[in-house]
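Note that the chains take the letters A, B, C and D in the order they are written out, and that residue 1 is the start of every chain.
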Amino acid sequence: MPEIGIGILGGGYMGKAHSVAMSSVGAVFNTKLRPRLEMICASSPESAERYRKAYGFARATADWRKLVADPAVEAIVIATPQELHKEIAEAAFAAGKPVLCEKPMGATLEEAEDMVAAAEASGVANMVAYNYIRTPASRFARNLIASGRIGTVTWFRGEHTEDFYSDPESPASWRTTGMANGTMGDLAPHMINAALALVGQVESLVAEVETVHSERPGGTVTNDDQAQMMCRFSNGAMGHLFFSRVATGRKMGYAYEIMGTKGAIRFDQEDQNAVWLYLAEGPEAERGFRKILTGPAHPDYEPFCLGPGHGTGYQDQIIIEARDFLCAIETGEAIWPTFRDGLEVNRVVQAAIESSRDKAWRSL
Amino acid sequence: MPEIGIGILGGGYMGKAHSVAMSSVGAVFNTKLRPRLEMICASSPESAERYRKAYGFARATADWRKLVADPAVEAIVIATPQELHKEIAEAAFAAGKPVLCEKPMGATLEEAEDMVAAAEASGVANMVAYNYIRTPASRFARNLIASGRIGTVTWFRGEHTEDFYSDPESPASWRTTGMANGTMGDLAPHMINAALALVGQVESLVAEVETVHSERPGGTVTNDDQAQMMCRFSNGAMGHLFFSRVATGRKMGYAYEIMGTKGAIRFDQEDQNAVWLYLAEGPEAERGFRKILTGPAHPDYEPFCLGPGHGTGYQDQIIIEARDFLCAIETGEAIWPTFRDGLEVNRVVQAAIESSRDKAWRSL
Amino acid sequence: MPEIGIGILGGGYMGKAHSVAMSSVGAVFNTKLRPRLEMICASSPESAERYRKAYGFARATADWRKLVADPAVEAIVIATPQELHKEIAEAAFAAGKPVLCEKPMGATLEEAEDMVAAAEASGVANMVAYNYIRTPASRFARNLIASGRIGTVTWFRGEHTEDFYSDPESPASWRTTGMANGTMGDLAPHMINAALALVGQVESLVAEVETVHSERPGGTVTNDDQAQMMCRFSNGAMGHLFFSRVATGRKMGYAYEIMGTKGAIRFDQEDQNAVWLYLAEGPEAERGFRKILTGPAHPDYEPFCLGPGHGTGYQDQIIIEARDFLCAIETGEAIWPTFRDGLEVNRVVQAAIESSRDKAWRSL
Amino acid sequence: MPEIGIGILGGGYMGKAHSVAMSSVGAVFNTKLRPRLEMICASSPESAERYRKAYGFARATADWRKLVADPAVEAIVIATPQELHKEIAEAAFAAGKPVLCEKPMGATLEEAEDMVAAAEASGVANMVAYNYIRTPASRFARNLIASGRIGTVTWFRGEHTEDFYSDPESPASWRTTGMANGTMGDLAPHMINAALALVGQVESLVAEVETVHSERPGGTVTNDDQAQMMCRFSNGAMGHLFFSRVATGRKMGYAYEIMGTKGAIRFDQEDQNAVWLYLAEGPEAERGFRKILTGPAHPDYEPFCLGPGHGTGYQDQIIIEARDFLCAIETGEAIWPTFRDGLEVNRVVQAAIESSRDKAWRSL
């Protein structure tokens, strides 16, 4: 079983998730390439060493250049703050190493464009880490739409809402400064990516982006708390998206509803193992949204459990993502979403910010 | 127990609902004024007579002027097509008779303004029949917000969605022509009224109004299938509203979610006896949206049943409305929503249509 | 439209419900017979007069014999305490007057048997008032089962649970004494009746009946708080029933699940306008319980509203019941559940009490 | 970081789950002992080698004795058919090796008793693998009850229901013969274990165990399809349990409701990241079951994800179990459920089978 040396940059929230995923993806999916936890990089030698021990890496470093250059590191996962994405990715591509990069790709649209150029110039595997769309449930939803099961899509509503900043007395922090850490930088990309995957390209939009609580204990808030946009998809569907970190009561409100001429789909990540499907067929008296529990009949579920309804969780999405990344490396085939696919998300984010600033519709 | 002679114009969907409500409101609420079903008016003598027998009226007519002028008719309920609202209401006010008018008040904003003027000139009781907001659940939600239980409102999302036209093969009919019969005329007013009641005045909005299926068997569709708007409320809250008659799977999607700094509320008329309340208080580990079943502890429930969770239904909303109308007549005090209150809804509808036409934000 | 003079005995919880139902049933269902609220009887002249005014009866009395004997009273609704059911019903039958009697029929099995004999000797319409099974949702569930839609029933679980006595500090009252007022007398009959209607006759059972809190402020509790039974239906299905007035959190827990070889049904009265149906057909990946909202496609819904999902409530069940009673009178045909049908419920109750006492299975 | 060599017997459903868990538990929980996948045993050399490669073990064997005896194998996980549990466990204990054994411990009560004796004689770590009770949600539920949050428990209802044999045309297989493979052997132990953990010891019970479809294509069914029992817990609570593999529509129906004098809890594994909690406190108008999403505020959640509501899945339960097993080995402290704890489940199973045979209550 050929091994592949993995280097992960960042050991916090996502760095841990990727580390665990790389530990178990082989056993779960019986992958051809087997990850070897080669090196982890964090902001200081101490934290890097702490992560190394905790996650079981062979080596640690506080110098990302060292990790990228190390010959035993054969694939790179970028889970650093967004400000560093571009520089690291470009170095990795220059060294001919495949990159899985946390969303969104760069801190700005320009950076994202540069990253796409670097990725495509390198010709190696490149992927943006949009994990939520990889659940068996959302993959099933995509398949249903793509196969025409709900007819022509006429309406899409999506949201990514959480409430970790809903209390106005929660103090200011690094999260409350820097566009990349606001709702449009942190939460919106996930649901925009979902909208693109489920319905298709966005043609035009009008948006509002706002800071609800501009002052918090400890400082002024300089990025956005919530945002919404109305949009028109290229295929004609009408859409609405909402993003918030002040959505009181919402913990993991990655949710969408999609209406078509023959059916409808509803999904909420807070109950991530269910897809609600309505089909406009059969006797009127027997129609209703059905709660379908994911199981071996749905994409990517069976490797986790043979029993339907037994459920996958957050970590499992990252494992699926790791499988896809390994597969792209092994086969040399592009796997969605590549950096180019990811760029589309950044374009929508940028257009939304400009629309809000100008209080006007914008075309993409 | 003093009686009051009721005249109802229209015997279809809403005409029947009002007739039943007037039959039972006395026994349910032990009202001071007791309705006597005096006269019903329909489009032909035959249908009027059929309704008379079915609902138990004393007399029938096909001439609305006769009904309005009849001395035994002491209060008027208008449940005709919207085109007739204005003329009938003005005649009733001129005769000094209280009027309960189906929503929306007039076929256009101008008509609505004229109707308000007539109502206020007459000085008699006048009410617009927004029934859904009168459920015990929605009354409770209003009280929760008004009392500050969920803090300052930061976000409102509302919808009125049904799917009776979601099949593109459903034939054209009177419903598919005439602005008043489209989604903005027929469904939107309910949820706009709810938004005004729950959050307050709308200050500005940007909207999209569209016909999804412009050709149907039997003819061209000349009014709208779905519409959405983003709005800003006067108190600073951000909002979104969506209206559709092509919302596949939705039967009575009169639903809203309201987030505040201290809590959140969710409601869906498809499960009209429950209010979902989240309170940001108590231990983090015990927080969650609670499903509160309406009962005697909530407004206007107890007269229907002493047992909590036993449930009220569609017809009960109309009975509550009838109680309020009788109360306004008896006490001479204005009861929300008066014609003036209802006018605000028409203003928002008008602004939305203009915004959609101009593809631009509009202030109110 | 022929009128029929109605006499109602009891003006409290159920007395009011029947009075309201008789006021509106004509307009709702366009019945041939039109009820006239002729006389109401209560325990004192004062309360009787109060009820008369509130509900709109022509006359009042504190003497039930006077009501039964009155020539203008042509049909009788018994909503008194259970101790009086037998005597009143027998007098009514003796006078040749149709009777709608609140459940359960008598205070004991013997009384119930006597009442059946009296009813059948009289030959007039007789019905027991099991209202919950009359919702459009439960009627639809019955039809689904009867038509074989879910195949052969293999499992039935039912409950009637409320929590009005879940607090051990709730004081003793009339409700805490007298077998008829305990859970087996008050709540169990509803769900036993449902089990019989949905699945069929009970062949054998083993039960536990218990008083959870035997002492309450103000006195000793002499009837039961909760009870359960396992049973075997004549058609071979296995069953379980649970009844409780100390079911913390349950407000109207009249709920059942029914599994068959081809499908399954779930229902909970706390969301009374929905039937959950699972069908073991179509692709595995698309199977799930579907939430069907009642609408015009379901039994007895349309007269209340033309819109699906708009919902019926508690009072509407009583109106449906009144329609059935009037229909039985008019046509002379027995309408389920007659006194004889109701007797079966009392038999199961009696067997359960004996099984619990003997701690042994019992055959019926 | 000290390593520990793991040997797993069985490579199918549960063998894989344990293999994956041992791959990732170190990184997830930062355990002191780090598992090394040393050897896997399966029924043939070919399958053993296939599992070795797939899951990443160092070595494979078809001889369980070889695995148990191997000096590099320092801890044993038994995931074989139940018939082999006893012999393997005894050999492992004799060799002084800690054992994690799949439920239920033995094929019969006698075997289970022998296994307890062997475990206790050895003095090494021993655990029975009841994974479902280890979710953050069920751990939280246990804590709530233990801390008195819902007062004195008065009622418990539990079920473990699935529908993999609900179709009478599903062919006979190894699953349809052998008591250990029937519902009482395969599914019931999970929920009995949950009942014991949540409420406490069972004092007496009456049960029904039955084969619903005794003939299937391909052969006669010799074990049970569904079973139920009423029980009394030692602390006085009344209970009911239901187990089924023919529960049409149920995929992972590991569910319970627990009512107490101050509150109630509901849980369903089909939505395993939510606990429904009702508290009989605060204003009546604000009471309801709240849906609490598990998060860092709940037991064992945070190592999987810092975000609440992001969810854990089936595999994560096995990882928690692995953590507990490693912890028991490392600290030498017994961790629930030990073999002795697990024996109690077998006792209840045995009593239920006897009660059903005798159609009588039984004391334990």
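Operating definition for what follows: a residue touches a chain if its C-beta (ideal position, glycine included) is under 8 Å from a C-beta of that chain, and two chains touch if they have at least 3 such contacts.
All values reported here derive from a predicted model rather than from experimental measurement.
Among the remaining chains, those touching chain A as well as chain B are C, D.
A count of contacting C-beta pairs for B-D and for A-D identifies A-D as the more extensively joined pair.
Averaged Cα coordinates give chain A a centre that lies 34 Å from the centre of chain D.
The geometric centre of chain C is 41 Å away from that of chain D, both derived from CA atoms.
Averaged C-alpha coordinates put the centre of chain B at 53 Å from the centre of chain D. Residue positions of chain B touching 2 or more other chains, listed in rising order: 250, 274, 278, 287-289, 293, 295.
Taken in their complex, chain D has these residues touching chain B: 140, 274, 277-279, 283-293, 295, 297-298.
On chain D, the positions that touch chain A within their shared complex are 1, 13, 16-17, 19-20, 23-24, 26-28, 30, 34, 53-56, 162, 250-252, 269-274, 293, 295, 304-316. Listing the residues of chain A that touch chain B in their complex gives 150, 154-155, 157, 163, 166-168, 206, 208, 210, 212, 226, 228-230, 232, 238, 240, 242, 244, 246-250, 259-264, 278, 280, 287-289, 359-361.
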